[in-house]
Amino acid sequence: MRINRPLAFLVALLFTAVVVVGAFGTSWNTVSELPQNPADQSNIEGIGMLIFTHYVAPFEILSIVLLASLVGAIYMAKGEGNK
Amino acid sequence: MLPVASLLILVPLIFAAVTFFTKTKDQAAGLAFLGSLATLGLTLDAYLNFDSSTAAMQFFESIEWIPSLGANYSVGIDGISMPLILLNAIVIPFLILYSWKEEREAPNRFYGLILTMQAAVIGVFVALDFMVFYIFWELTLIPLFFMVNIWGGEKRVHASYKFFIYTHVASLIMLLGIFGLFYASWQQTGVPTFDIRELVAQFQFLGSGLLRNAIFLSIIFGFLAKLPTFPFHSWLPDAYTEAPTAGSVLFILLKIGGYGLFRISLPMLPNTGNPKLMIMLLGFLGAFSILYGSLVALRQKDLKRMIAYSSLSHMGYVLLGSAGLVTLSVSGAMFQQFSHGLIMSILFMSAGVIQSSTGTRIINNLGGLAKKMPRLTVIMMIGFMASLGLPGLTGFIAEFLVLAFSYVNLPGFVLLALLAIVITAGYYLWAMQRAMFGVYNEKLGDVRDINSLQVFSMGVIALLVLYFGLNPNPVLNMMITSSEAIVSLAAALGV
Amino acid sequence: MIPLIFYLGLAALLFSIGLYGVMTHKNGIRMIMCIELMLNSANLNLVAFSSYTDTLNGQVFAIFSIALAAAEAAVGFAILMAIYRMHDKINLDELKILRW
Amino acid sequence: MVKTAPEELAFIIPLLPALAFVITFFFGRKMPSGGAIVPILAITVSFVISLMITLRLLANPNEVISQSYPWFAVLNIGILIDPLAAVMLSMVSFVSLMIHIYAVSYISGDPGESRYFAETALFTAAMLSLALSDNILQFFVSWELVGLCSYLLIGFWFERPSAAAAAKKAFLTTRVGDVMFLTGIIVLTSDLLKLAGRLSDGTYLLRFDEIFSYIPQLSALQANIFGFEISHLTIITLLFFGGAVGKSGQFPLHVWLPDAMEGPTTVSALIHAATMVTAGVYLVARTFPMFIAAPDSLMVVAYLGGFTALFAGTMGIVMNDLKRVLAYSTISQLGYMMLGLGLGSAIGIEAVSISLFHLINHAFFKALLFLCAGSVIHAVGTQDMRELGGLGKVMPVTAATMTIAALALAGFGIPGTSIETSGFFSKDAIIEAAYLFGEHSNNWVPYLFSIAAALLTSIYIFRLIFMTFTGKPRSNYQGHESPAIMTIPLSILALFALVFGGLTKTGFTAFLEETFANRFVNLDIGSLAVIGQNELLEAAGHEPVFVLWLPMIVAVAGFAIAFMIYYLRIIKLGPLASMKNPIYRLLYKRYYQHEIYTEFFSLGIVYGVIAFLLQILDVIIDSVVEGIGILTVGVSEELRRVQTGVIQTYATGVIAGVSLLIILVKLIMEVL
């Protein structure tokens, strides 16, 4: 089946329009001013705290997933011929 | 006291389940016969304890089922349902007796399905909750579908699918109407309920006339297709003709369309947006079905097909009488349902016998059967005469009540229907003359008369046709009581 | 200060570009690349909202999703490689073994 | 011995023959001569009771028997024996009894013997129930049942295709009339329902007294049909008369009656001469108060009756089949009876009595004629008059009785003396009434019809007599006189045909005029006639002498013509009576009614066109349904191709769908 590029372009454009219009049309409930901490510009510490406290279980699961995919990817990429 | 209404569903269902596991034909038929006898006993018990002087619901039971939706398992019997239950309970045992000696595959399933069908149809008749009603309503499709599909004639697969899909689609539209009614009433009262009587009573308070019309029409569409009536009848000739004899009789006993008309549609009718228009519509469909069915039957060459169209013609009386909206015309319509069940059972059984003994149903290929099958001829003659409305048999009472009292409101349509009476006589007598009278057609070989079980079963039904034709009161009185309640509702609204 | 909507617009644009790529390309590797693009536009959104609501959850999620994207890319490329080895093909629509 | 009042026995009259039917039907085959004895005994008892009741009524006409029991809904079954019913009951049971006795010999040896007696017993029961019904519905029920018996008995030899076809034709043709009758009842019912308003308990809607009490209101109801203002009463009575037309073989629904001769001759005598075919006359007589109160209805009755009398006579003179001649004669005489009733618009209640008088007399002599014909057929084996001849020597009793019957039919008698046959009194009474009517309203058409028909009557019946009994046999046959069991009923009937009219002439009329003035219904016919705009004659007119003599002269003239042509054979008909003569052909082909009714109308229009078109419509409807199915399958077959398996297409589709859906939802939200 041939791919209809103009149609794909149109659909992509349509989608963009929908999303952008939607994004513009929504009144986002955001903070009025970005928090500024001149002393420490980075928030790495905060992220690290979150990952290892609140999100520790997903983190651990993610590590297992990564490991599994790593093993799987290596196994498949290695192929059967190189046994 | 026994919970009769529930038992009427449960007993045939249990016997059906056991019948499925039997091994031989005699076991299956015997067990099924026992089950149907038990049902008949229960029905007679209910009938004898029935008070026909009140239109109120009797033998009422209700158990909470899905409280959040307001659906209950509630069943009961009144004057609309009692005669139809009686009809079912009476005919099924004789149907089983009639078909006992026939050879067929998988008799256990055959008889099991008959009983399942009985349970489902009685379930529809006793249900007082739309959920229960609809479940049994759809359950009736299954045994009939298999009846036609497994034991039917040549074009059985096509006929069974046509029947199934057609009436199922109609049922879905009806379901849509039921949901519409349910939600509209929920919005109105804030309490969800599926109770039939409650919802029907709520109907008048609902929103706009347009909405009420839509709900009414979509619900009645399911009933009209099941009844059936012109122009929603095209599943009927195929299904009736292709079904085995027992299947055809089960189709005849499937009186749920007309029942729904009386139970649900008629009380709603006066509250629709344009009641006059609806009455005209129903009256026209009824009267035209009568005429149409008889004229098309006139041209049929297949005996069973002819009877099928004649059945369509008879169903027109049910609709015409309902649209008449006079107490006696509505009771006439109810009586027509009852009488039609008995009469058509005889006719389909006769046609079945003719087919199995001569191998053909084409009227012109028959001839002179009266000589070889005198007993069949007598019974068939009673059936034919009853069907063409001979006084003294049930058909006349129903037709007279419908015609005479519908005339009060719908004179034009009644005159239209009257034209059909001569034509009805025409095709029956033509069939009688060609098939039974005249010189015996030697090509048919040696045919034997009906066996004694068949004589007994058909004879008893024929006697009932005669009995209720002479004395309709045992069932007619309760019908009059019930239809008075329906009509007084309409009269109160000045329709 | 850059308004939030700019980030969202950029993300939408990125996503659409990825989408267009997925819709037009047959080459498996290119498609995976385009999917990565779409994924990252989502990450962009996550981070943007996270910043503009003064919570860190979104950014943590972005990190998770980057990690998952890595896993997914690894597996995806591995599958493609296996397929390429078996069939000598990389055009996805020519692979019919799982189609009706 | 306890003396029971006759009214307590009244219900037995129809019940016993019905019981006899059941017994004979189930056990007749095991009894000698098909169980004939059972119905004979039953009918004898019925006859005795009827006679007792009649005699009691004669002594005191006010002692009508009226009993009603609820049947279903607001309708009832009941017994009403007033003078009209009493006369009818006695006649029916008597004639039926005679014919049953005769049939024992006639039908013996036939394999369907017991079936025959069962069916005639059922017929008698239904006919008796018809005669004594006290409401129009029971009347209709019995009316249909006698029709059923007629159907069964015409088709008694069902193996003969012609008999089966004739039976069907009889049922269907009368059914047309029956539907009109039913329509009349339906219109009446709904009118009464409207007039009565809410029904109180214990009223029986369709009882005759109830109906009659609403006559003025019914007459006041007007309907507009094609721009004509017509009283409901007129519509109802005309519809009733439509039923009578079918049952009593009046034009144009008379076509079944000659064909009905396919049945056994006894059946023709019982059903198609004496009893059932007179039911239509009885219906009009029974509802006479309605007819007289309805403008124009009686006029229609009179015209159609007179026309039928003449019309059937013309066909009677060319038929060669013994029984067909008699059949046409029956139609013609029924026409006289209808004419007599129709003259009620001038002579009032007297019309009922002269008409019924003719009905009773006709029953005797026509049953006799048929039984004699049966005797001939039984002996000879053919009924084609062209093959008969000279039977008078072989069958003297039959010949003598038949001649008596013929004289009665032709109405021989000398006015003013007592040398008169039954037919003379009744038929001449009708002709005289027609004269009075003509004088009264200056409308001589009925009179002319009746006189012309009298001439034809005389010609055809003596043609029959001469062709059958005189001259030389025209084919080889072995004739013999019938056994005593057949000739005894013949002789009894002959006696009645000869003297019944003379014996009862004055009493009969007076008796019947009491019908509508007793404790059951008490109507003033005169005032009803005013409602119907019918002017009644003040008193019986003084007819000129020639009016009294004219029928007799005409009858003698007819006799003379027949005598010259068929006995002396001095007038040769030759080409006149051949198919080349268009008039003869028209008559012989019976005015092409078969072609018009059966082939053109029934087969052509109804079966060929209307039913055919509807069948096509049925196929169309069915194709639409099947078409929807095929369409669904076809569309899904096409839609299946959307499932390409190319992931890029899916992606495009999904995204486009989502985008459009969002827009759609947004739009709907905006609108609502």
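For clarity, chains are labelled A, B, C and D in written order, and residue numbers in each chain start from 1.
Note that in this section a contact is a pair of C-beta atoms (placed from the backbone, for glycine too) under 8 Å apart; a residue touches a chain by one contact, two chains touch by 3 or more.
Bear in mind that the values here come from a model prediction, so they are computed numbers and not experimental data.
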From chain A, the most remote chain by mean C-alpha position: D
Central subunit by CA centre of mass proxy: B
Pair sharing more residue contacts (C-beta pairs) when A-D is set against C-D: A-D
Chain A and chain B: spacing of chain centres that average the CA atoms, whole Å: 64
Distance from chain D to chain A - Cα centre to Cα centre, in angstrom: 98
Mean-CA-position distance for chain D and chain C (Å): 96
Set of chain C residues in contact with two or more other chains: 19, 23-24, 26, 93
Contacts with two or more other chains, residues of chain B listed in rising order: none
Residues of chain D engaged with two or more neighbouring chains: 646, 648, 652, 655
Pairwise touch network: line, ring, star, complete, or other: other
Footprint of chain C on chain A - complex, ascending: 1, 3, 5, 8-9, 11-13, 15-16, 19-20, 23-24, 28-31, 33-35, 43, 46-47, 50-51, 55, 58-59, 62, 65-66, 69-70, 72-77, 79, 81
Contacting residues of chain B [partner chain D, same complex]: 162, 165-166, 231, 233-235, 292, 295-296, 298-299, 326, 328, 331, 368, 370-371, 385, 390-392, 396-397, 400-401, 403-405, 407-408, 411, 414-415, 418-419, 421-423, 425-426, 429-430, 432-433, 436-440, 471-473, 476, 480
Residues of chain D that touch chain B when the two form their complex: 72-74, 137, 140-142, 144-145, 148, 151, 155, 158-161, 163-165, 167-168, 171-172, 175-176, 178-179, 182-183, 185-187, 189-190, 193-194, 602, 606-607, 610-612, 614-615, 617-618, 621-622, 624-626, 629
Chain D partner contacts - residues on chain A that touch it in the complex: 1, 3-4, 7-8, 11-12, 14-15, 18, 22
Chain A contact footprint on chain D (complex, rising order): 644, 646, 648-649, 652, 655-656, 658-660, 662-663
